[in-house]
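One chain, chain A, links the two complexes that follow: it is found with chain B in the first and with chain C in the second.
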Partner chain A sequence: MQITKLKPLFYTVIVLLALVGSLMYFASIFSGILLILAAAVLYFVYYGLSVGKGASKALALSFLKSLLIPVIGVASALLIGGIIMAVTGYDPVTAYKALFYGGLVKNWSVSVLNAAPLIFTGLSIAFAFKAGLFNIGAEGQYYVGAVVATFLGLHFNMPALLSIPIIFLVAGLLAASYNFIPALLKVKTGAHEVITTMMFAQIARYLSSIFIRGMGGSSDGPHPYVTDPILKSNWLLKMKSIFPHANYRVHIGILIAIGMALFVQYILTRTKFGFEIRAVGQNKDAARGQGIKVGRNIFIALLFAGFLAGFSGVNQVLGLDHKLYENLNAGYGWDGISVALLASNNPIGVIFTSLLWGVLAAGGQYMSRTVQTPNSIVEIIKGIILFLIVAKYIYIHIGHKFKNKKKEEREAVK
Partner chain B sequence: MGAKKEKRVVLETRHVKKQFPKVLANDDINMVLYEGEILSLLGENGAGKSTLMNVLYGLYKPTSGEILLEGEQVEFSSPKDAIRQGLGMVHQHFMLVDNLTVTENIILGSEPGKYDFIDYKTARKEVVSISEKYHLHVDPDEVIENLSVGVQQRVEILKALYRKARILILDEPTAVLTPQEVDELFEVVGRLREDGVSIIIITHKLEEVKAISDRVYILKRGKIVGERETSQVTKEDLANLMVGREVVLTVHKDEKEVSGEPILQLEDVVVKNQKGINALDGISLDVRPGEIVGIAGVDGNGQSELEEALVGLLKLESGRILYKGEDIAVLDTKQRRGKGVASVPADRQKFGLVLPMKVSENMVLGFHDEKPFVKGINLALDTIKTHSERLVEEYDIRTPGVEVPAGNLSGGNQQKVILARELSSDPDFLLVAQPTRGLDVGAIEYIHSQILKMREKNVGILLISLELEEIFSLSDRILVLYEGKIVKEFLPENTSDKEVGFYMTGGKKTAEDRA
Partner chain C sequence: MSGIASILNTDLLVATIRLSTPITLAAIGATICERSGIVNIAMEGIMIIGAFFAAVAALYTGNPWIGLLAGVAAGGIFSLIHAVATITFHLDHVVSGAVMNILSFGIVRYLMVMIFGHPGTSDAIPVGLKAYQFAIPGLSKIPVLGPVFFDQTPIVYMSFVLVILTLIFLKKTKTGLHLRAAGEHPLALETIGVSVYKMRYLGVFISGLLSGLAGAYLSIENSISFTEGMANGRGFIALAAMISGGWSAIGSFVAALFFGFADAFQVRMQVFKVLNIPSEIFIIFPYVATVLAVAGLVRKSRPPKADGIDFIIEKEGA
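Right, the complex of A and B next:
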């Protein structure tokens, strides 16, 4: 009884610790991990005290269990990648050392920068999947978000505290409305969203060129065409302005992304809208039979997915590039499919799979630069991870066989 | 049946245990199956019958214990292994491919012929010869989706026989059959026994246990608690053994005067099915408060369309549905529910539940956006949880908790979740279709008494059931549905099941017309 009264206090402390901890960690101040751990421990303690003895242990156990399959997947992918390297004449040990030193320590800031946009697109795809939809065109909604953010970023002269939320919102809404026609076609005619959003993604990509050329700039430099830089007041806050030692490129976009993941998780598990989305995604007939409006939910889900993917584009423009390049194949929409699948569409899981993808990309670049192992090995590893995890049943099968074998062995010993 | 001692044991389990994450579904099961016998498994919902059969069939791996086939220990890693060794199983939910023909379905997975060429002709011939041998009449070239459930079941049995099954497992085969189809099935089963096939059959209907099987095991909470020769026991004995108390097999219904305005009226309702045929062909009926109107009929005569039209899933071609005097045909499902219309759908897994969602979530499905369960846009998770826990208690739903997916529950317990949700919603009109399909006798007793309690509370009830017994024991009035029309109306006390059955088949001679 006593302890539940302290709930708000506990939660405030936990959230604060976690927030400051991750802020530090993402700014490459690695001692931030201690604060994050402290928050986790505190949460377990509180959970144990409020729910009862053994509860925190069960919670920890179920948490570890949920990590099992992904960890085994990643580990075996690394193993296979290592074998491939060994066979093709590269030293897997030095390569992996470079990969992880680069991804987790040296260029951790790049990993973080890679992860943020992926979280948004991953959430977009995961959310749509929950409603039984495959938003394969997140790439297109990304472009819409980026173009709108650039346009507003160029012209919106207001205090950052006002302008940035407005830019996010407007760009997100326009990216959402970019899914309006696919959603309408889906609900009215049953046209499959894989086809329609994919086609719209192509349209967005080529259409963006036109807008980019309309937003000033020149074709100097390494890229064919670049817009003028957006107003400095519209830049996302840099970590450097909080922690002077932080990398100068890292911005708070990652925190916005994580906040968004928590928000999506909240919607799915705790609101009536999320409830309906899940019901529709898992059994349309039952949902309809119990009075849930299937069409409306599908419609809104596809729009919300567009909204989330749009944020990814805004994040890149306001946070990192501060301008928009023409003919740049961002690819966050496609990679978003991978991270969503990898996280089995769990919004919180998407944070971690995006970070993993980010680390592999940043580490891969570092590896190819320092120890001359081709970056493509990272692509191979990513492919294997995906294959292993998506084909989960393989594990189940292996587990089965493994158990049988164990049993045979035991029997033989007898 | 000769002396039992001479019989050969074909299948045996020793200390078989199956542990699911939170449920011990089978606990130290020792059972034997003799050659050429028909063995029944009887047990409450969630007792572990389907699990045990799935273990035998190689779908689940036992946690511990041994399975012996013809005296040899076997370990099936998949049904494929089991089939190869002569086992066949017909699941409660069929596993046929809808758009393939009967023959294609039967040979699927064990296609004859060399290399990649399927020898369709030989296959078809064999299918025809097996089906003639056992009188399993079915057109080998018909596409599955055009067949009735009863015929689909024949295809499932043929499929097992085609693979030379010596042991056949039937999980609740009669739950979906009409009385006539049940008779036919039992004839086939008898013929198989004469050929030396050993059969395990699961059913909740005690008279079927008596009628068909030689021996019966009674399961309770995962354990075998009894074994009987069926000739030595009565239905009442079996019920007591199974539930552990006296069970009233037919609930008592108080006489009741119903009067007043009908709460629900159908006026010349016409509804087309997907093929464009009038599935409901000008139906008029009315239900008054406190009255149970039973719709009797053979499956496929418009029951599902009637259900869907009432709930709002099917549009009317013409006619009106008056509820409390207002035409609700123009309203959607949600609006109708809001006005106090509740319904228990016949197809529980398709229309009633979202299997991957939690039991608690299914308990409020459709009410999740109404008052005690929602606060603003947020779900009131605590309220939902306590509400569900109360219903689980009240309806004796066997589940390790309300947080597990509904799909983990046994078939009968899934049904109870829907009943609990709909009956507790305090409706003014209740549509119940096949309310007790797949329920054990104890649960049927409880559900029937709940439905009668609703009648006491002046709820108007429309009962659609393929079980004449259920229709007779609950209804105040019986309407016979035939080819989309109400062809006859009876008072239960003035008629017999024979007479109703006569009109259910269109008033023609019943025995001979097998298509």
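Right, the complex of A and C next:
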């Protein structure tokens, strides 16, 4: 009874520990992991004390269980990747050593930089999936976010605390409105959002070039056209200004992304809107039967997915590049599909799968530089990991059949 | 206006045909695939695989015809991954297609580094299929139409024939009828004793062969080497052509010609700098047309009824 009174205290300590710990960890101060672990342990302890010992154990078990399939998938993909490397004449052990040393330690900062935009697009796609929609055009909404952020970043002269949230919001809203027509068509005519958002993504890819050239800037001979750098007051805070030893490129975008993941998780699990979205995603007819406005929810879900993907572009412009190149072909839309699928559309899971993707990319570069193994093996491993998601479907399929058989047998006995 | 008139000539039409050929091939392949009930957004990836293997085979044998066969075969084999994933394992079609596109990029990049030692562009093949360009006697003398349709390279001719064959296959043959039934009323087809799975496998495989041929066109006919990213979204334009063409072979062909024309026009506008319009306006034409088509604004464009819908046979005792 008393323990529940201490709830605010516990939560404050847990959140503070997790925040400081992850801040340190993302700034490549690896002892930060201790704080994160402490926060996790504290959470389990608190959960056990307030709900009961069994509950805490069940929570830990269900957490580990949800890790099972992804971990098996990644491990088998690494194994297959290793076999491919061995067959094609590279030493898989040295390659993997370099890959993980590069991705997790040496160039961890690059991994973090890779992960942040992916979390946003991954969240966008995962959220849409929850509503039974496939936002395959996240790439396009990324461009919209990036172009708007650059435009505002160039002209918006205000204190950072004011301008940065406004840029995020405006760019996010415009990226959301980029999904307006696909959403409207989906609801009114039933036009499939895969087709419309994909086409809109291609349109955004080319139209953004026009806007980038229109914003002023220069083209350096063979290099692509690039805008002027945005105002320094609009740059996201660098980790270096908190921890002097941190990599100079790493910025706090990753924390914004994680915050957004928590927010999306909150919406999906704790709000009426989230409940309705999931109901629509699971079964439209049943949802309609319960009096849920299916069309309205689909419409809003697609717009919100655009909003999230737009943040990805803002994050890259304000945090990392500080300018925009023509012919940007970021690929975050496609990779966002991968990380969302791998996380089974769980917003919290998206954080980890994005980090995994970031580690693989950064480690792959390090590997190809140091031990001369083509880093494209990473792309193949990613593909295999994804197809092992198919294995998950097989697993469900077999599990389903198995259950049915048992049920039939039981009925037969009766 | 004289500026525009100066680029409206036979060359523009020849370029239209050349640019639309890979789109036509992939689009009629996609038509067959989607008619069987399997959504295919993997044409881009299959095209890349086809282009790569065509170039490698042509390079090592010195014979572009073997390259052509290799490209077609590679496309067909690679597409079977999509078939197994979607038909046998009931994976969502769009998810599988997206993964195929991602996977193709990795495979090709890895093999590039392994075979040529670097990513980017492969070594040039000794003879490309362009060398086999031939004018059909008599017909090629017809003004305008002659050089456009009857003085072309091998895969371009093949694409014309394949459009007609696809049309006949889908409309006039028994297998074609069964294949279409798999996409419209799979249960009815299964009831008359024809395997829906087999028809769908066939649809995906044919589409893989055609996308592979489209890839071969890019690397060994239109060019003499393989370059990563040479598909450059053509797989998606093919998807656009198929949808704008209303899921029919002729429609896909006409749409592909339109998109090829827009592309050819855009390139010429850029080269000759006749009008000060950003070329991107023309590049996005296929995508806008597709959105209009699915919105039902141009004309009714309807996918097969069971397109993208999983089909599970409940076997006895299962």
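Definition applied: the second predicted complex is superposed on the first by the 389 of 414 C-alpha atoms of A that agree within 3 Å, B and C clash if a C-alpha of one lies under 4 Å from a C-alpha of the other, contacts with A are read in each partner's own complex, and residues count from 1 in each chain.
Assume a residue touches a chain if its C-beta (ideal position, glycine included) is under 8 Å from a C-beta of that chain, and two chains touch if they have at least 3 such contacts.
Quantities reported herein were computed from a predicted structural model and do not represent experimental measurements.
S.K.: A:189 in the overlay: touching chain B, chain C, both, or neither? Say first, second, both or neither.
M.R.: second
S.K.: Name the contact category of A:119: first (chain B only), second (chain C only), both, or neither.
M.R.: Once the two structures are laid over each other on A, A:119 reaches no partner at all.
S.K.: Any idea whether chain B or chain C touches more of chain A?
M.R.: So, of the two partners, C touches more residues of chain A.
S.K.: Output check: A:275 vs chain B and chain C. Expected answer is one of first, second, both, neither. What do you get?
M.R.: first
S.K.: I'd like to know which partner A:264 touches here: chain B for first, chain C for second, both or neither.
M.R.: neither
S.K.: With the two structures laid over each other on chain A, which partner does A:382 touch: chain B (first), chain C (second), both, or neither?
M.R.: In the superposed model, A:382 contacts chain C only, not chain B.
S.K.: Which partner does A:291 reach: the first (chain B), the second (chain C), both, or neither?
M.R.: Only chain B; A:291 stays clear of chain C.
S.K.: Enumerate the residues of chain A that count as touching chain B in its complex and touching chain C in the other.
M.R.: Shared contact residues on chain A: 401, 404.
S.K.: Where on chain A is chain B touching in the complex?
M.R.: Going by the criterion above, the answer is residues 270-273, 275-276, 278-279, 282-283, 285-293, 400-401, 403-404.
S.K.: Per the contact definition, I'd like the list of chain B residues that touch chain A in the complex.
M.R.: On the chain B side, the touching residues are 61, 75, 77, 311, 313, 332-334, 336-337, 345, 350-357, 361, 365-366, 368-369, 374, 377-379, 381.
S.K.: Quick one: which bits of chain A touch chain C in the complex? Just the residue numbers, please.
M.R.: Of all residues in chain A, those touching chain C are 84, 88, 134, 136, 181, 185, 189, 191-192, 194-196, 198-200, 202-203, 206-207, 209-210, 213, 334-335, 337-338, 341, 374, 376-383, 386-387, 389-390, 393-394, 397, 401, 404-405.
S.K.: What part of chain C is in contact with chain A in the complex they form?
M.R.: Spelled out, the residues of chain C in touch with chain A are 39, 41, 81, 85, 89-91, 94-96, 98-99, 101-103, 105-107, 109-110, 112-114, 119, 233, 236, 239-240, 243, 278, 280-281, 283-284, 287-288, 290-291, 294-296, 303, 318.
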